[in-house]
């Protein structure tokens, strides 16, 4: 790397899952819009062809006038090649295919267990984790070997388990987990300010939040805009929209369908616990006993959608086609600020300016009352070659109980996955709050789910 | 006190709840059978007449030939009188009357919540605790004032909450909570040894157990008889009797009815968690989601009884009559080893011989993973003027999650009770695993239960 | 308070020790230079006349054209008056007079114990603390009563003990301890950059440091300027100037005399521990066994001065005269940025912009390995109505051992002071690393020192 | 192993250091006197001949009438042979020869550092540890491989570091460190009871002590005989004999010379800290700044001896000759209760009866305020296949500070030894309280000491 006039050139980024249409494109766009950085991106993907297409898309940007950051993209065939010399590693992979994901999400429905997303907790999150942990163990080993000093940003779900696996396998890794759910919460608070007070917020950065918890089940205990206490305001807001939900744009809401969220779950949780859950309702509902996910009607009543895997398949297909068109030059790759923060984080880690944002890293006490070492989400100070958590305090006793159960489950799932220990995995399975069915039925479902994902569980006794 | 030839005379015991027919009589009997100790017992009860009857029964023993330990009993009208000069304080009170208890246990049934005992957790345990905490706060203040150096043994339920309140109000108190549930488990293991191996165990003391958890939800992670590993044996035992339950004496079992216990819950928990729950099934079932307490039929299927308060009323009546007969000399007070350990504990604390037994005291780390200060049950070394916990280790992650939730609830209930904070109490109420009904129904039940116990909640906004 | 266009008016500041010539004048100057804030400052001092003079000086500023921040000053006769309605409280008092301080610093010299400052640790720090703790206990009680929600900034030494006393007496206080020693270290690093690399640093803010430890014995484990690792550079720097010390301006250094510092102690500590001590050498030397303070010659050899109290008396006299001249209009009060951060902190706490700086607050885990609750110095995020520590990590084992001993001593001194417990205070006295004399001599010195400060230890058995 | 009528036969013991004349003979004697146990002892020693002599001595016992426990002894040539099939492992080795020990103890004298024992802390303890740690690492690896379920009893010094190394290398090891220093303290308390009260104590077991700290620097915070508080009595005792020391038998004391101990150090420490140091004065003095070890005269004034290595050499020679005589049948091996507790511990671990005694095991909270995992000495409950620490509480702040420094040093020494990290070892060296000389002198001494022990530090850069 070379520093000159507050610009850094020659940066090497390794992208694991470099065939991705989603996160990879976001990063390409953000890099292109940032003038202080330039360098090389190596794209590694088990689907090499996909990486190759992204290489083409990426390199095509070099010649465009509206591109400020100049990056050379290269698809590579091994993780080693991608990692060697890397200053940053980005991980966004899909563990398994949508076939496995369909089993994760929909088979439990036969047993009366409904899941709105299915990538974090619940039976789906657990089985997905069993597939993912060995992949992340492999990635961690490779980073230890080829790029031990690189900063690693993970986007893959289940976020907490993936990031925790990196630290379990390579304790000295410099890894963080990044997720935009809290950003949406800041935007919700900005919308609330407009709705309730007529105040326009210039940027979501101006909404200051103290976040703590675990990814997708993160909570806000303090929020302010300048000198305005937003938690006080949220009380009125939650009460005003408790019955109807907060739906500023009905058309958009209806169109969103599988992703729709009226914040009614958030309002109900505020009523119960007095603090603000900082994630989409679809995620929140999955961490709790089946209060909001008893059945599709209940979810509908609470104003949020269940996302079927069939939809994800369709969407993937659309993206694949879009990809082809871009590669063929039939469509232009549109640059836009993705809203993700990886590039901003790169800059701080390179010494180009400190900033504070939320991130997922091991608990060193930033969340009081949760185990040390567990991956928690709080604010952290990003500075030159360092990410230091900001102390976030303690959760209310009841929220903490629920989170502690999930943390214990997550630790157990990782241990089970690393040791291919089916009985241990089952212990975590029946300990999930969504699993309220009797133990024999649970056993049957568990065995069937494992069978469906068997291909990704080599060495397991299934 | 005077020490002479390993005998101690002039010991002063304060008995709070000294009108009790149950625990008081047990203590009288045990004291009478122990030749190394003698002195005075002051009986304090809000029902002074009841204490007076016990005074008569106690003093009548003085003249009997079969009585080795000589004690003078005296009913007193104030707690101060009882405590002044006390070396030991025994507490066994009934917080409220059976009228309140009937509401605690049976009103939730209207909402589909069944409770087999109703004195520890669940809606009944919580409301009972709200009544009890202020009484224990008052007792703790009095001990601090009149007998700060006395050793205090509590028998009252909810054991954990009562004992914790003593320490909350008077942190330097020397208090323990005593309970016989673990002894029964030792007896069950002895019965198992006989059943499975034909070995007769001379005394339950020979069954060594490593216990840990919270009262009535205590667990055994190691058990041995001489060199025999009883946990290994229990695996076979649990499997052999999983379907039928272990009922050595069918007649006794049927007669027990409301108190019956076939250990099927214990066997099922062993299947889930691989360790032994060291309490009666009626207690165990109440700590969990309604797996075993969905309805009376489910409880019956699992081989344990629900104890109606009507039965307790009848039994009380019978004891009252028995009491009268004894006072009138129509019936003799029968001396028998009660199986309780208070007297043995007195002796160790007086320097007459160390021993190790299970007890309820603040966690100083003896149970890893549970909060410091929470009242936990483990073994402890009783020695001259000291009770030192023995390190018991860590519970499996899933059992620990459940206990941690109850510990958090118990701390919350105490805080709510001391501050008369209804909203906080409600938070604990809906956080109890037995409460799976929706939040509005829960609110209604809670309010009705509080109204029924209103008399014992002065200063509350009900 | 009123917010308008990012300006806040009507702020109330209570200044305890408002007759100060030093800190009070700095604050006046900084407030005058800040255009976003305005309001009232109440000056409370046990020397009311001194406060009155400051009132005059302060109010005279109102009419000056170069003053951007408009503040009304008022001397008040009681702490209550000062505190009522206060949004901020600033504390800078002198505990006792220079007569007591002379005994603190110089009497130990008769016993071979030399102290370069005498306000933090060592015999002088301890005895000063015994005087100060009751004053801070009184202040804490008053804040609890009159301004429980105010933010409190303490400048008084011994910083750690003063701030800890505030929290001991009023656990919910929102107090921080502010000290500029770390700023000087940032300036030293900037000077080093110039010296070693020819780089001019625009502002000390651009020197990023990870600080941790206790006040006046704070350490830097990471330091950077943009992407330059300053810890690496410091290694060469320390080695280059190890023998001579780093004295950029010989004249200034010689003139400083009693305050001079060549950083040789810092260089030696770097050699021992591999990290950077972030305080003046005069302070650092006092925390250690008498390696650098064996006698005045040793101190001189290590290139730092001992500050005699006679000098402080002279300086005070000069300031008193200056004060008179200003009040009489014979001299103008010169506005200059004091380098202190109180005003910047006010702004962040008022919601006018977050920033990160070092501060002294209770350890909630930000320094691993030191006790929770101890007052530690690390970076913290200042935001609207909140100060959240940034995690700073762990000290090397040997530095941690030394600090842990001082932390234990500080806790003990506070307990001794609050309970007027002479024996406990003596335990801390002989446990100080500077006290290597034998125990009988130590006892004699201790008793003599207490006698000399007797007037400020009412109720003690001296 | 076979259990029959409360006797166990077929027990396998591996003795590492089986050529020892000291500990091995004690064990042989104790085994011979115990009728409930029998089996085989494998003797492994790097000096095979020495082990062979012990084999002969041991087997000769088989035919004697006064021998109740029958054991077959066998010298073996590899650790593997000794360990395979072992139920118990005993370790008592001499790390290096007396030549190295002479350098450890006496070279520092040239620099003004005196050491009374030289096997635990100080420069001698540190260098001895550097030799020993790799040996214990090797032993731990072998136990992990050949006897992972065996109970391991270590007698080797530095006790804490040796035992900690076992756990560092094989965390699941079942190892304890055994030491008789606390037993001597119990005997001192018994002697005190006789002296002060005329009470004869039947057995040191009747003296109940609450011990806590680290080996050779263990402290007693509670002590009782029946109902008598011995700590109260010790106050008078320490005061009565403060000046003269307590020397019940002047002749014996004079004869002991190099090992003599008048308990004056203990009395002085009681004066400082109010608790009882439970070790010989020669050991205690080495943990502190050179208060008692300034020079030989100071030690003499405090009534304890410095043990020269020349004496150890002589004593070894005498034992070697005695050994020959016994092997040749010229002298009979005398059976006597050694006062050590290994055999008693074997019995408890085999299920033949629980008991409580002091032992050295990892801290799991039994000593509050010291790091988890550090090897601490407290009471523990020995039961079937388990050793569970009894909670011992917290040390006074000043004693804790000293111990914490040593614990940090010990952890550092182990890390340095395992990584052959000379600089780290030097950090621990200069952090020892006995090392008050300046850093260049310290460096010189350190280098010379390492050179003298070079043969045992393969792979080090010396």
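Letters A, B, C and D mark the chains as written, and numbering starts fresh at 1 in each.
In the analysis below, a contact is a pair of C-beta atoms (placed from the backbone, for glycine too) under 8 Å apart; a residue touches a chain by one contact, two chains touch by 3 or more.
All values reported here derive from a predicted model rather than from experimental measurement.
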Contacts common to chain B and chain D (chain labels): none
Centroid-based (C-alpha) most distant chain relative to chain D: A
Distance from chain B to chain A - Cα centre to Cα centre, in angstrom: 47
Chain centre separation in whole Å, for chain C relative to chain B (CA means): 54
Inter-chain centre distance, chain A versus chain C - centres from mean C-alpha coordinates, in Å: 44
Set of chain B residues in contact with two or more other chains: none
Pairs of chains, among all present, that meet the touch criterion: A-B, A-C, B-D, C-D
Interface residues, chain D side, partner chain B - complex: 3, 6, 8, 208, 210, 222, 224, 226-229, 350-352, 354, 356, 364-366, 368, 379, 381, 383-386, 388-392
Parts of chain D lying in touch with chain C, wherever the complex brings them together: 268, 271-273, 289, 291, 396-398, 400-401, 404-405, 408-409, 411-412, 427-428, 430-431, 436, 438-439
